[in-house]
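The two complexes that follow have chain A in common; it is paired with chain B in the first and with chain C in the second.
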Partner chain A sequence: MYSRAYKWIVSLPPLLWVGFFLLLPYGLMFAHSFWLVRDGFVVHQWNLQNYHKLFANPLYGEVLFRTMRIAASVTLLSLLLGYPLAYYVSFHAGARKELLYQLVIVPLWVSYLVRGYAWKTILGSDGVLNGFLQYLHITHEPVGFLLYSPFAVIVMLTHIYTPFVFLPIYAALEHIPRPLVEASQDLGASQRATFLRVILPLSMPGLLAGATFAFVLSLGDFLAPLLVGGPSGTMIANIVQSLFGAAYDWPLGAAVSVCILLITVTLLFLTERLEKRWSFK
Partner chain B sequence: MTGIHANGRAPLLTIYAALVFAFVYLPIVVLIAYSFNRDGVGGFPPRHITLDWYRQLFADGAIWDAVQNSLIVAAASVALALTLGLLAALALDRANFPGKALFRRLVLLPLILPGIITGLSLLMFAVFIGLPLSLLTVFLGHGTALISVATTELFAGLQKMDRAQEEASLDLGASPWQTFLRITLPSLKLSLIAAGLLIFTLSMDEIAVTFFLIGRDNTLPLEIWGRLRRGITPEINAISTIIFAVSVALIVVWYRVRMRGLGEQPQELLERP
Partner chain C sequence: MPAATISPQDAAVAASKPLLEVRAVGKRFGAVDVLKSLSLDIAAGEFLTLLGESGSGKTTLLRLIAGFEQPSCGEIWMAGERLDVAPAHKRRVNTVFQHYALFPHLSVRDNVAYGLRVKATPVPEIGGRVEEALRMVKMNDFANARPSRLSGGQQQRVALARALVNRPQLLLLDEPLSALDANLRKQMQSELKALQREVGITFLFVTHDQEEAMALSDRIALLRNGALEQVAGPREIYARPATAYTAQFIGQTNLLRGDVHNGIVTCGVLSWPTAVVDGAAVFSLRPEAILLASDASSLPTRVGFHGTIRQQIYGGATELLEIDCGGGQMLRARISARGPLNGEHEFAFSVGDAVRVRE
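Moving on, here comes the complex of A and B:
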């Protein structure tokens, strides 16, 4: 139906653009990770030195491990908040369903930075939460550990990713044929059994999609640690950022980035396979 | 919705859901409340309501320069991402070429990868081709990264489209160009508006990629970021409140647009982020 010329005209510009402005830049990232720095200049000499450094210095492993722990906590908490919320909106909200759904969407459109900043003002030692606690005479002095800690990073990221986790789970719950749920109950299964054996398995693809999303984006976050994390909340992307900034070792920074990229891609690949296994046949 | 389960009351679940809503909205409420607090951010409860911070904000030249920069970058990014996203969606829908599967994945990569990786890759690229960092590099970054959003949305639009109309148009003697302008584009109108709004909002808010591509002129999020390092003032609450109000206004527009599309589900766009 469409002529050869038509196909060329629609394919060529995006192919060239994406090749030039995406493939080439990502390729450069890979290339840098095999180059090195000498006297403050990047030297195009192929070697494995950067990766060797990453494995030799335990600092990188430590930070990566902490990052994974933070990302896992964020993922778990977002699921614990997002799943019941999605379940409630999908099964129990009745006439208010559409409104509640929209209410979960709204914060998604509110700036990441604005929300991070809000947590900074809440958790700070002269912040809103401390003011509140002292107002109620629960504490008499500011509690200092709230801000500038991995705890603050986890709170902020959980707040940001809960609506993101909610969305695919809600979509999956909405796609469950209601007669299936009714059949389970009519046949005598308890609410608990219906949930565990019908609803939860059928919503698994949505749960996995949400979890992967929260984990992957937390893993590569460098702004939350800068904003509320303090030194003890440093994450792997902060290492990358400082290697590209003050430390000026782009090749080493690129090698760390490639590691983040590989973890991300591996996870996405694994969940894609898992989702297929769980998806409704 | 029928059945025991669906209508059953679940008081504990309801309370839990209310608490989650409270957690999600608490920071936003605090943010707005303290933008009117004379004594600054912190302390409880907020006392002495004032509009001083808004007055100070409106007199703040640097913020409005940054807003202007952000608007320019966002508008240009919408134009670039929509144009290339439309072509890419048409290519994925209608053409076969070697590397199509790779192309599809590559286009979506900026949506999936952490912003720092895309940002740094583009930084290395800019240095490599000798392009100085400025709003131009920020625009190239936003525009390119957001092709992903445009492609996803427009591809979904194309898949739903009835090809018979295009076929009829071509059969009745219209040129491919006329058919594109009179049939293809109008039937993608809703997807184009929705994608445009989303790209605009995402670009206005983008920080992770922008962080590495910014030159001397700041976008709004980077201007705010710079100020946060110097300390907290309710002026930031005031600008955040305005951003929030604008975002909500945009959602209402977006929602209206989506609702006008017959049989379209509003959640599709964000279903698989």
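Moving on, here comes the complex of A and C:
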């Protein structure tokens, strides 16, 4: 048995952490969303005006909807890239397994900004991709939609979050006992049937975790739209940023943040329940 | 070929030919020859055990037959068809895995139904066959349970049902009882034997436990370093081991290295008449073949000797004596239990029990 004092000492740092860096800021944000700004000052007067504005102005809904669409596309694309990659590395890479695994991890060490600027040089009108297309005579002038568009944001975020999708899926695949695969073949299942009936269901918790990472992280991203999004690629986090910055309307920014938070928490709750349904230990 | 169209001639041919033929099969992993040109026939309905130490190649042979590995040379045939070129999922062979390999995300019923479902068996038929298979292994009360809720013995039964429900021509069992505790293992042994008689399916059983092999098998194939040492029925392999290795691996034995001269073997203080030609020869003499002289009056052509009991190990119905025959020659004798013995005694064995073996 541990003494009372010991328990307090051990649990104090995490309690302080959660209190100061989580509960307090969220509390402030929540409170701000019910206050308002008058003559450039935040007035502590409880009201629902901010939420009225959010629902009255179609711009917010539009951007929020676009953000979710982008996040969903990023999730889908990084699953389409990450799952086959994880499957290959886990089941068929043989001696190159360790090397390939490291190669997937390495980009995580490179700064987010560097990768963002790299995409600018690739997708720009004088960029690598346009040069290449014209060299091959597929196009005769620079293609405009490549940069400063939702497309560019999706490409960049997919590039950045695919390793985050790869990792939990890879971990789940690595935990599948290989005799199960042999047992499935032994019972007459083809490779395809084995994948659909054994490997996919057993890797479902990893797949869900990866999808959640990609969606939630994309949903809150503001650097990618800032770097490569342009006006048509603006996402909800950019709105929050400008409301807290240039517009100096903290209460409205807080109200938007509360909406994003609600969406995220609902999503985490749902995937948590799904993951439980798919775990068999 | 559907079973209903087999003509009497075909049936006669099938009866005379073995179900499975392993023809000069070799397997190489890198620079290691795990199997060295091994040939073995298995008759339909037979319970054959591959017995050997770890690394003898017995599991590799099983995996070649199941289709999880490809042979480096040689061929495997089953029921008149080439087996080793077919992919694992097309073979009419099922396996019971060492650690059962039950699907953790499926119920017991769905585990058993798996093989039927992937082969697109009509749904009404699946239900009946799964129930039947579960009843056979007495697991029908657990049909809805997840494998993780079951004990080792129960998982073992489900693994058996999952394999047998497909009515394979050949069932492969990879040390299926090794993960069970001793009492349960004995019980499962007798159930397994009864089950094999009931379903009449050919069993190819892998184990490193010679007692288990003796208890279950019609024939035992003893492997050593990737080659067959001896293939024979349990009684024959015990009574007439072909090699010194076999004699030592199956049961206990005294190996007597002697010289034959003019029809007489001499080995230390022992000597007895033999039909073996002159020269060096090795004989195996089972401990239970050595008796106290007072019990040995009925033995035909007995060989007597004099020895000092160095140790007596009590084992319930029998006890093991370590006898010093003089000149550093030690023999082990297993006699029926009779209370403490010590000092010098007269012993005897029958000439016929000293079996000539190859080194």
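In this text, the second predicted complex is superposed on the first by the 273 of 281 C-alpha atoms of A that agree within 3 Å, B and C clash if a C-alpha of one lies under 4 Å from a C-alpha of the other, contacts with A are read in each partner's own complex, and residues count from 1 in each chain.
What we mean here is this: a contact is a pair of C-beta atoms (placed from the backbone, for glycine too) under 8 Å apart; a residue touches a chain by one contact, two chains touch by 3 or more.
The model shown is predicted, which means the values in this text are computed figures rather than measured ones.
By the touch criterion defined above, A:A193 reaches chain C but does not reach chain B.
Of the two partner chains placed around the shared chain by superposition, neither chain B nor chain C is touched by A:Y248. The partner that reaches more residues of chain A, of the two candidates chain B and chain C, is B.
In the superposed pair of complexes, A:P177 makes contact with chain C only, with no contact to chain B. In the superposed model, A:F222 makes contact with chain B only, not with chain C.
Of the two partner chains, chain B and chain C are each touched by A:Q185. By the touch criterion defined above, A:P201 reaches chain C but does not reach chain B. In the superposition on chain A, A:S3 contacts chain B only, with no contact to chain C. Contact with chain B, but none with chain C, is seen for A:V114 once the two complexes are overlaid on the shared chain. Contacts of A:Y51 after superposition: neither chain B nor chain C is touched. Where the contact sets of chain A with chain B and with chain C meet, they give residues 182, 185.
Touching chain C in their complex are the following residues of chain A: 177, 179-180, 182-190, 193, 197-198, 201-202, 278, 280-281. Chain A contributes residues 1-3, 5-7, 9-11, 13-15, 17-18, 21-26, 28-29, 32, 81-82, 84-85, 87-89, 91-92, 94, 101-115, 117-122, 124, 126-128, 130-132, 134-135, 159, 162-164, 167-168, 170-171, 178, 181-182, 185, 191, 194, 209, 213, 216-217, 219-223, 227, 237, 240-241, 244, 250, 253-254, 257, 260-261, 264, 268 to its touches with chain B in the complex.
Across the interface of their complex, chain A is touched by residues 66-68, 87-90, 93-95, 97-99, 101-105, 114-115, 118-119, 146, 148, 162-163, 166 of chain C. Contacts from chain B toward chain A in the complex involve residues 1-6, 8-10, 13-14, 16-17, 20-21, 23-28, 30-31, 34, 41-45, 84-85, 87-88, 90-91, 94-97, 103, 106-107, 109-110, 112-118, 120-125, 128, 140, 144, 147, 163, 166-167, 170, 176, 201, 204-205, 207-208, 211-212, 221, 224-225, 228, 232, 236-237, 240, 243-244, 247-248, 250-251, 255, 267, 270-273.
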